[in-house]
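Got some structures for you, see below.
In the two complexes that follow, subunit A is the common piece, with subunit B as its partner first and subunit C second.
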Partner chain A sequence: MTAAPEPRAAARPGLRRRLAGDQNRTLWFWAFVGPFFLGLLVFVYVPMGWSIWLSFYEARNTVTPTVFVGLDNYRDMLTDPAFLSSLGTFVVFAAFIVPLTLAVSLGLALMLNRVGVLRTFFRSVYFLPTACSYVVGALIWKLSIFNGVRFGLANTLMRAVGIEPVAWLSVTQPPWYWLVIVSLRLWLQVGFFMILFLAGLQRIPPVLYEAAAVDGAKPGWQTFRYITFPQLRATSVAILVLLLINAFQAFDEFYNLLANAGASGGGGYPPYARPPLVYLYYIALGNQQDFGHGSAGAVILAALIAVVTVLQAKFLGFGRRGDQ
Partner chain B sequence: MVLPHAPIRTPPSTDSSWSRRRFLQTGSGLAAAGLLAACGSNTGREGATTVAAAGSGTGAATKPTLSQWYHQYGEAGTQQAVERYAAAYPDATVSVQWSPGDYDKKVAAALLTDSGPDVFEAGNGPSIDQIQSGQVVELTGILGDAAGDFTPSLIERMTWQGKLYGVPQVIDMQLLVYRKSLLEAAGLQPPTTFDELEAAAAALTTADVKGLFVGNDGGAGVLPGPVMWSVGADYLTADNQIGFTDPLVAEALGRLHGLFTSGSLLLGAPADWSDPSALVDGLTAMQWTGLWTLPALQEGLGDDFGVLPWPAYSATVGAGSVPIGAYGSAVSAKSTNPDAAKAFVKYLWVDRTEDQIDWAQSYGFHIPARTSLADQAEGLKSGPAADAVTLVEQNGHAQTPLLWTPASGTALSDAVTRIIKDGSDPAAEMATVAQTVQAELDRVAG
Partner chain C sequence: MPRHPGAGPRGRAERVGAALRLITLSAGAVLFLVPFYLLVRNGLSTNRDITAPGWTFFPTTLHFENISTLFADPAVPMLRSMVNSLVISTVQTLGTLVVSALAGYGLARIPYRYANVVFGLILATLLIPAAVTFVPTFVLVSTLGWVSDLQGLIIPGLFQALATFLFRQWFLNFPQDLEDAGRVDGLGYFGVFRRIVVPNSAAFIAAIGTITFIGSWNAFLWPLVIAQDSDSWTVQVAVSTFLTAQTVNLSQLFVAALFSILPMLLVFLGLQRFIVQGVQSTGSTG
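Up next, the complex of A and B:
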């Protein structure tokens, strides 16, 4: 019996080929993704890691501290009334802006979806504010529309109907500043979420509406209630998650609308409308330069966002197989 | 840049994959070059030396390079002036960085790195945290024989434990400006007490003009100091203890809530208190603002305005007051050549007296930090400017003391905001502020 010859081992590809991957796919992947990944690493992950490290140190006016304080910075932040108050400000803001943006963007999307002519024009009109900087938007709102003098746009309109001018951004009773803040963000972001809803609407098979019509469903609310809205479930849940994260990260409009020319060695910004990022900015990047407490607050905030997002997604069923 | 190993000229090729590879090689090279360039941001110093400027008389001698930072001043010509002063300095090549926006925060962040300034200006001098963390160089002795000529309160404000950390550049002050014609028409005298100010604000308020403007925040940002001084109290005592525990402070702050809700205050003006436009545009009859607005006020109102201190609390309690402050020139501890930086600071703010007068007087109304130069300033010898100088001498208080940290300032500002806008209990609010301030004093003063 003659032994069968050993099957010839497949030739092992060279190191260069293995690194480049089949058809150079790995090479091309890193060529295109690499620069962005590098940026992410340098400008996001390294600062995040550094921030976590700083949060365990006494770090005033230095980012290379030597005094380890353990969890003291976390304890201080969790018992700091101003930080807790900033979280309360977020809750109020989110309570206004999240449902309002959801409703308005959905309403606009439904309206545009039915528009027969000039659909692209109207879509552009509503989407354009998205391209506007929050800072620019805040200045327009603060200086032109909602300034407190008689010739501000809002006050001019109010005087025309016999209502006295209002100092929109200066008074807290009643808190008109919320109207200014919420309307600004609504104007800036509603176009983006409207586009997402439009995409969702256009994915709904027309056959569903046809079948419903055959079964006697009335167009309008009944169709919306039983077909459109359920079909938009995945889109709505994703938008809710995005809106809540966006609300947590509110900074520009608060800072630019309500900053004052303070001169008492601090402040220059009122405590009643200071969301978490503005407060952390004051501690860490403002004149205080307290990177230890600022970093601890940032870690707490990041953890809070993560927990709330996960709970929200779980509660709403975000990413369920049926939604895909 | 020539890429290593890349052919200088390549023949045309129809091989598309080669073209892509070549494109990526070039792109990678450019990206690397960009990163390297970004890493070496130009701070104007880099430890390099430069050939001396023509006319310096040293021919091929070398001299250090320095970076000097300023915040953006509003008056026309100020940037050109500081660039001219820097260019004239014979012993170093100085690049000036003129910073719009939030200068203080930009400097604070830059001082953490090696790419910050060598010389920079700081509002009221470097902060106590910058001093204690070793971010600035001690400047003791730099004033030389001129030490006694500088305004003592400014030198004290920039001194910690007997060591000087900033050289005052120029004095600024805040004050109350009023329209003479409007007060005369209403039969009012310039107010000297808070009651009179409150009454005047009410009397001067019409459908189109408010009586008083103290900032869009109702004075929360700028009035805490003047209100404390108006009852004879202060942020801190001379021995750095809490100075605002007098119940009269809470009472006086509580009166601001009445003013806020009286309808006499201008609120929500397009430009805040530091800009004269509310007064010039006829939105208000009286405004709390700064000395720097006097040229614009003269241009807009002619002689129809006068200046006052923040009034005393009453005819028997306290006195009128104005806050005075000064930008101080400081040297970063991360400077690669601190001796050259200190020499430049001395040249500019101690030796060059003609430039100091030019800086103080040619682009707006400021008071030179040195008494002898203030006496020579022609622009300060008549009219409201002369009155303002008198206010500085008779009613001036350092804007905030050195040990008044940003955390203390934020605590006070927050409390005063709640008192003014919400009518919160002033005594309770000030007691909370005292806790924060005491913790800060314990931290920085031991």
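Up next, the complex of A and C:
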């Protein structure tokens, strides 16, 4: 290793200087990076390892299990209809929220980018919900806008035009609860992604638009199709990855919109519309305290997310190179 | 974009387009503000007003006493929750800034043979979203005896790979000349970092700080798992508990929710410049 202190003939440096001097880069590197890296080891890598270990054991109500069950927990989870349906819930959720957020935030950014005086005002308004928590958002959606009784805002407006009130969150046929869940997340996250698109738009060199105008491209669709959209490609790919990961981690709004009395014990949450994290939460930390199956589920999810992310980056990355 | 729409049909289309944009944006803005309005309206109404069949958009009487009732109610540990949230968010933000800025600087500027390996191990944790590790982390934290304990709420959240990654990118682009000047003056790694790099990165540090603070204040899953007795509740857990409770006192719930987002709205409106900058730096490196 390189750690050997360099001997100096003149002016013998003190021990402190020799240990902490600039020449000892290894030591300095760890002085800077060490605290963070140690925390990461203890609070991310150790739990991950522990989780993988626990996933091979029968571990109910205990984290020091004794009964080794091999891959049984994995087999149980992969054949558990509730776990599989939680993955299905994620797919449906992502299929709505990802393209919607992408389209709305891009549309807002394009419009904002061409507004002069009121730009800062509009930007603030659309960005403001980012400061709001999913818990509070869920509260407003559940108890004020989409309340199933007459005094809810949506039902009030509908009655004004002669439509019967709808029990938004408590019926599965028709599945109105999806409208509630998707619109809430849209409100909460669109502003964030709009800011990202705005930053992307501002990085496009104006020369490109001038050149396009000289070449006779009409402002509007043509400019968007041939200049703006290709230039936003890197931003869009990054946003797509972020949106998918965010959707996979959905917990707060599902939990708060759909859980009823006594939810902390595992009851009161309807069997439909449980995204993966909610299901894992109830398995591992609900009444069952089943860390073995919970860990197996967490490992499966982590692997799925990693695979999807890598595939997506690869796939979209290849596409990008192919274009140029 | 053409700044001065000329005469003729083109200029007219331009003006119509601008008007349509303004109308769409304004309609959207109203929609986006309605939820905030509902929060205030319901928080300052009585239960009977909220559930009244005739929906009034502007209630004639506002019940500000709801606020004092909320904070005086011994069954609802609202003040305690807010203090907990404030302590957790502040410590977590300061801790994240110190730990991540140091690590980011070390990764960006101190040559070390295995720096790439270390960086790779840090990046790998970005692929595994923290929310998926909540079960094993809970197991670890409960083994340490930190359940329902502020340190159990604070410490696992201190080590954020994303913050470290962003700091590394930032320091990579830091003007090397400034650092060299410090070295000539006899400063070591830490001296340069503390006296030259940090003061010149104040805006970026503020950006990461405000984003961390808002994220920490709004966090829900981890506090829900760890804060099991009401003394350690955060505001999000408190509001959620009332929300999913058997009997809901609507106006109290809304006024509690209002107070749970008020600090964030103030932070947001005051530091918006930094937040936008922070979000942009998150996106441009993604």
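As a convention for this text, the second predicted complex is superposed on the first by the 269 of 324 C-alpha atoms of A that agree within 3 Å, B and C clash if a C-alpha of one lies under 4 Å from a C-alpha of the other, contacts with A are read in each partner's own complex, and residues count from 1 in each chain.
Definition applied: a residue touches a chain if its C-beta (ideal position, glycine included) is under 8 Å from a C-beta of that chain, and two chains touch if they have at least 3 such contacts.
A quick note: this is a predicted structure, and the numbers were derived from the prediction, not measured.
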First, second, both or neither for A:Arg150, with subunit B first and subunit C second: both
Broader residue contact with subunit A after superposition on the shared chain, subunit B or subunit C: C
Partner chain in contact with A:Leu285 - subunit B first, subunit C second, else both or neither: both
Which of subunit B and subunit C A:Val171 touches, first, second, both or neither: first
Partner chain(s) touched by A:Ala82 [first = subunit B, second = subunit C, both, neither]: first
Which of subunit B and subunit C A:Phe248 touches, first, second, both or neither: second
Common interface positions of subunit A, toward subunit B and toward subunit C: 31, 35, 63, 143, 149-150, 260-264, 268, 285
Subunit B-facing residues of subunit A, complex: 31, 35, 60-63, 82, 143, 146-150, 152, 167-173, 260-268, 270-272, 282, 285-290
Subunit B to subunit A touching residues, read off their complex: 24, 28, 31, 104-105, 108-109, 111-112, 127, 129-130, 133, 135, 174, 208, 215-218, 220-222, 224-225, 266-270, 272-274, 283, 323, 399-400, 404-414, 416-418, 421-422
Of all residues in subunit A, those that touch subunit C in their complex: 2, 20-22, 25-26, 28-33, 35-37, 39-40, 42-48, 50-51, 54, 63, 108, 111-112, 114-115, 118, 121-145, 149-151, 153, 156, 187, 191-192, 195-196, 199-200, 203, 209, 219, 235, 238-239, 241-242, 245, 248-249, 251-252, 255-256, 259-264, 268, 277, 280-281, 284-285, 291, 294-295, 297-298, 301-302, 305-306, 309-310
Touching residues (chain side subunit C, partner subunit A) in the complex: 1-2, 18, 21-22, 24-25, 28-29, 32-36, 38-39, 42, 50-53, 55, 99-100, 102-103, 105-107, 110-113, 115, 118, 121-122, 125, 127-140, 142-143, 155-156, 158-159, 161, 164, 188-190, 193, 214, 217-218, 220-221, 224-225, 236, 239-241, 243-246, 248, 250, 253-254, 257, 260-261, 264-265, 267-269, 272, 275-276, 279-280, 282-284, 286
